[in-house]
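Before I ask anything, let me first share the structure, which is written out below as structure tokens.
A, B, C and D label the chains in the order they appear, each numbered from 1.
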Amino acid sequence: MLDELYREIILDHYRNPRNRGELADADTKVRGNNPICGDEVTLYLKIADGKIDAARSTGNGCSISQASTSMMTQAIVGRSLDDALALIGEVEGMMRGGGVPEGPDLDDLAALEGVRKFPSRVKCALLPWETLKQSIQEYRGT
Amino acid sequence: MLDELYREIILDHYRNPRNRGELADADTKVRGNNPICGDEVTLYLKIADGKIDAARSTGNGCSISQASTSMMTQAIVGRSLDDALALIGEVEGMMRGGGVPEGPDLDDLAALEGVRKFPSRVKCALLPWETLKQSIQEYRGT
Amino acid sequence: MLNEQQIRADFPILSRTVHGKPLVYLDSAATSQKPRQVIEAIVDYYRVHNANVHRGIHALGDEATELFEQARATVAKFINARDPREVVFVRNTTEAINLVARAYGGRVLGPGDEVWTSAVEHHSNLVPWQRIAAERGATTRYFPMDDEQSLPESALEMLTNRAKIVALVHVSNAFGTIHPVERAIAAAHAVGAVVLLDAAQSVPHMPVDVQALDCDFLAFSGHKMCGPMGIGVLWGRLELLEAMDPFLGGGSMIQEVFYDHATWAEPPHKFEAGTPNVADAVGLAAAVRYLESLGMANIRAHERDLVAYGLRALGELPGVRVYGPADPDRHGGVLSFTVEGIHPHDLGTILDQEGIAIRSGQHCCHPAMRALGISGTARASVYLYSLRQELDQLVAGIARAREVFDLA
Amino acid sequence: MLNEQQIRADFPILSRTVHGKPLVYLDSAATSQKPRQVIEAIVDYYRVHNANVHRGIHALGDEATELFEQARATVAKFINARDPREVVFVRNTTEAINLVARAYGGRVLGPGDEVWTSAVEHHSNLVPWQRIAAERGATTRYFPMDDEQSLPESALEMLTNRAKIVALVHVSNAFGTIHPVERAIAAAHAVGAVVLLDAAQSVPHMPVDVQALDCDFLAFSGHKMCGPMGIGVLWGRLELLEAMDPFLGGGSMIQEVFYDHATWAEPPHKFEAGTPNVADAVGLAAAVRYLESLGMANIRAHERDLVAYGLRALGELPGVRVYGPADPDRHGGVLSFTVEGIHPHDLGTILDQEGIAIRSGQHCCHPAMRALGISGTARASVYLYSLRQELDQLVAGIARAREVFDLA
């Protein structure tokens, strides 16, 4: 069962996080945290014409939260804000037993599917996605 | 067992309380109450040369508290404050299983002995005696 | 209809004796007895699942957390809350009211503002308001009671827009009155006040639907509804809970803590500082399931029948005065009465010798007793396991007391 | 010496399995497991004696009241209190500290005054002080920790007579440090401050004597000492309790209530508003008797042995850093550590698959973790039922985790 959680691709994203670091001219900068385990993510987005042009992150936490963050920053660049919101919904759905998201740049995300067998870790996987949702809401001023 | 609690003499003091009413020129006036059952006693004492010259009471409550009050006002008149304090101790002792107080004017008090088999009623019997203790302490300014 | 025999078999304590007589428990308004289903739920929790909650990572912690949050959802559904996050676990009704007084009242009350309660409130719905009002320079005011110890609708006209909070007992523990709270809630909302219902004596005994009532806060205790001691519920509208200050500070109610400040978690956790009483929340959920299996409407019908029977029987006794509404439709499972010539306390002792447990005194309602000019009442209160035959025993016990006091 | 086999047989949960493996419960600092003696005491209370307390007149009420007050006396004797009236029953440590913060701190603190705690406190001993200090215009200050996460004695020189309250953890839940509180108490008294000890992790694990310690308040939780959830204790010097404001308002804590004001009962009832958690107080008393039957000194010796063993075993593992004092005489039953390359949360999940329950994270000590520059630790905590063999399994589990993360 542990193999389903710690798939090679997750450990790879954990050890070599993509899009890591601050984004100097970010349009949004939002910090999310999980008060119980101490995971934290700060997400920087560059947004133009309703589209995410760049995404970077800082923070620290467990392999799941950090790998999920890394995968997310890969997956969302180039997507419209509405597409990104839909993707958040798909990832949440996957954690509740739905299918894996499909589409360009989304292959890695499927590796998160195994998390749903570990209920106490679902929060870790969703932390960056909740932070993304908040970023979009802040950007849109809602 | 009820006969031991509701002895004839207790019912008599309940129905015909002795020394009932206010005492206009009292040296002490102290109110005691039991917040759970609502029993209350206000005790008026006239004191001279360290001796209780008169005792009267107002208030209301159950047969045990009111009979005990009535008996007490009978028993303490003419006694010195120190004797009264000692008598309080004897009555408390009787409630914990000690003997009955003996001496002039104390015969009726023995009827309270049966109360000790009813733990939740001991408080009722002791209410006037605690009020007496407080009266003496107030009088002595301690 | 309730199956009396089956129900009584569920309550182990009902088969014990007192002073050599079978127990006749007529003190359920003080605390209810517990069915084996509730006792077993607690035992199962401790024997199999026990762990601290919301701190996860291990299987026991996950199980305990799930049981705890399921209990919250069970309670939420029971009172028809919109969202389980509206259910805050506390110790008892008293703590729930203190929480609202401090965390809501402490925020909204200012000089000139008024908190309204009624003349017949339990101390737990008086003292917290007196204290917070005094602290904030606000005033406490009281609806009067009519001669059936019920809230007269005309009194609601006394409300003005100075009223910020109206805190009312739903069913009186002292007199059994089922107050017309729907009208009071509408009147309070009309002047912009929020309404807290002290539902300690309603939620255990009748269907209660927070959305239908349209109240803003509701407080009740597990121990009065077949659940364990040490667990109670504050229900509040989510938007109010979100806007409120926290209550107690500590673990679980925080988002982040720094040396110089802290930020708060969302409701309900914001109000649940420290390790919660998981076992008893699980026990309360078992109690709710037990009550639901019988049906709250059936429970109320059973008690209404007993109250109608008891009102009639007591009313026929010489020297007995029964308080509260004469109409059993407006009278919960509490029979509060006095017997001329016998102090309630004495009556209680004499009945106890017969194995009959009632309560005597002021029932935590000093001001109401003072207003009525009495030093207390005797109170026989029924629940789902009570029987008509037990009320017959009560009546026989009163006759016996009259003998002891040479009144018969 | 404890009889390990006999003790383990007392704890039903210890024979269960998790993910198909026997449970290895190393999370007792979060909450302890319960022996059958405690579970049975609760069951017996509900099956035989259950009633509300202090409202007397019937046999069940008398029995429940006696059991409740006996429980108070049992707890008082256990910590060597002068008088049972010094023991206030609360829900948990968190509520106890909030009670003191509000009812004592709210009375004595003013602008310019200081409340001192330390850099390694649990949120429950931080947030209540931050809040009351902010409300009263006082300041919170913090003793630093040394590089073994212990309170350095030199720090005590920072106290001046502006310090009104010193609130310190006795044994740290995050690092296991047994702090030199005796010196801190003397130093605080020398400047006229009162001392509250957060004894959540000491009372369950070692002899604690409030008179010998000479502290002013002591707070602890039943659920961490083999007792039920939902019950905790505030001990306070009687004269302080008498001088304090009440905490929650409602039934039982009053002397008399009028429409416009109320007067208060004496301690401890003044602080116990509403129906108390009688069943769990009775359960706590059973837990105290259980602990006393083993002997607190024996329990501490057992844990000291385990900690010495665990410190050695963990210290030999590659990449493992253990926090807290290296000297097992100054180290309670908490082993807090990090493994390079594996986040504590991941370690927790991997160990859980082996049936081993530890806790990972910040242990309600955000500021201390931030000060150490770490995002949390893994924490294995032992109790009287823990075995050396379980620490061996922990060590093997860490090796397994290193494999999963390709570190081995």
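We take it that a contact is a pair of C-beta atoms (placed from the backbone, for glycine too) under 8 Å apart; a residue touches a chain by one contact, two chains touch by 3 or more.
Every value quoted in this text rests on a predicted model; they were computed, and no experiment measured them.
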Report summary line: Among B-D, A-C or B-C, the pair whose interface repeats that of A-D, with over half of its contact pairs matching by residue number, is B-C
**Report entry** Centroid-based (C-alpha) most distant chain relative to subunit C
**Finding:** A
**Report entry** Chain centre separation in whole Å, for subunit C relative to subunit A (CA means)
**Finding:** 46
Report summary line: Per the C-alpha centroid definition, the whole-Å distance linking subunit C and subunit D comes out as 31
Query raised in the report: Quick one: subunit B and subunit C, Cα centre-to-centre, how many Å?
Result: 37
Query raised in the report: Using the touch rule from the top of the page, what residues of subunit B touch 2 or more other chains?
Result: 35-37, 120
Report summary line: Within subunit C, the set of residues that touch 2 or more other chains is 19, 55, 57-58, 61, 254, 256, 345, 349, 360-361, 366
Report summary line: subunit C residues touching subunit B in their complex are 19, 343-346, 349-350, 353, 360-362, 366, 369, 375-376, 404-406
**Report entry** List of subunit D residues in touch with subunit C within their complex
**Finding:** 12-13, 16, 18-19, 23, 25, 27, 30-31, 33-34, 38-39, 42-43, 46-52, 55, 57-61, 91-95, 97-98, 101, 119, 122-128, 130-131, 140, 142, 221, 223, 228-231, 248-254, 256-262, 273-280, 345, 348-349, 351-352, 356-361, 364, 366-367, 370
Report summary line: Counting only contacts in the complex, subunit B reaches subunit C at residues 1-2, 5-6, 11, 35-40, 60-64, 118, 120-121, 124
Query raised in the report: Given the complex with subunit A, which residues does subunit C contribute to the contact?
Result: 54-58, 61-62, 65-66, 254-256, 265
Report task. Under the touch definition given earlier, write down the residues of subunit B that touch subunit D in their complex. Result -> 33, 35-37, 119-120
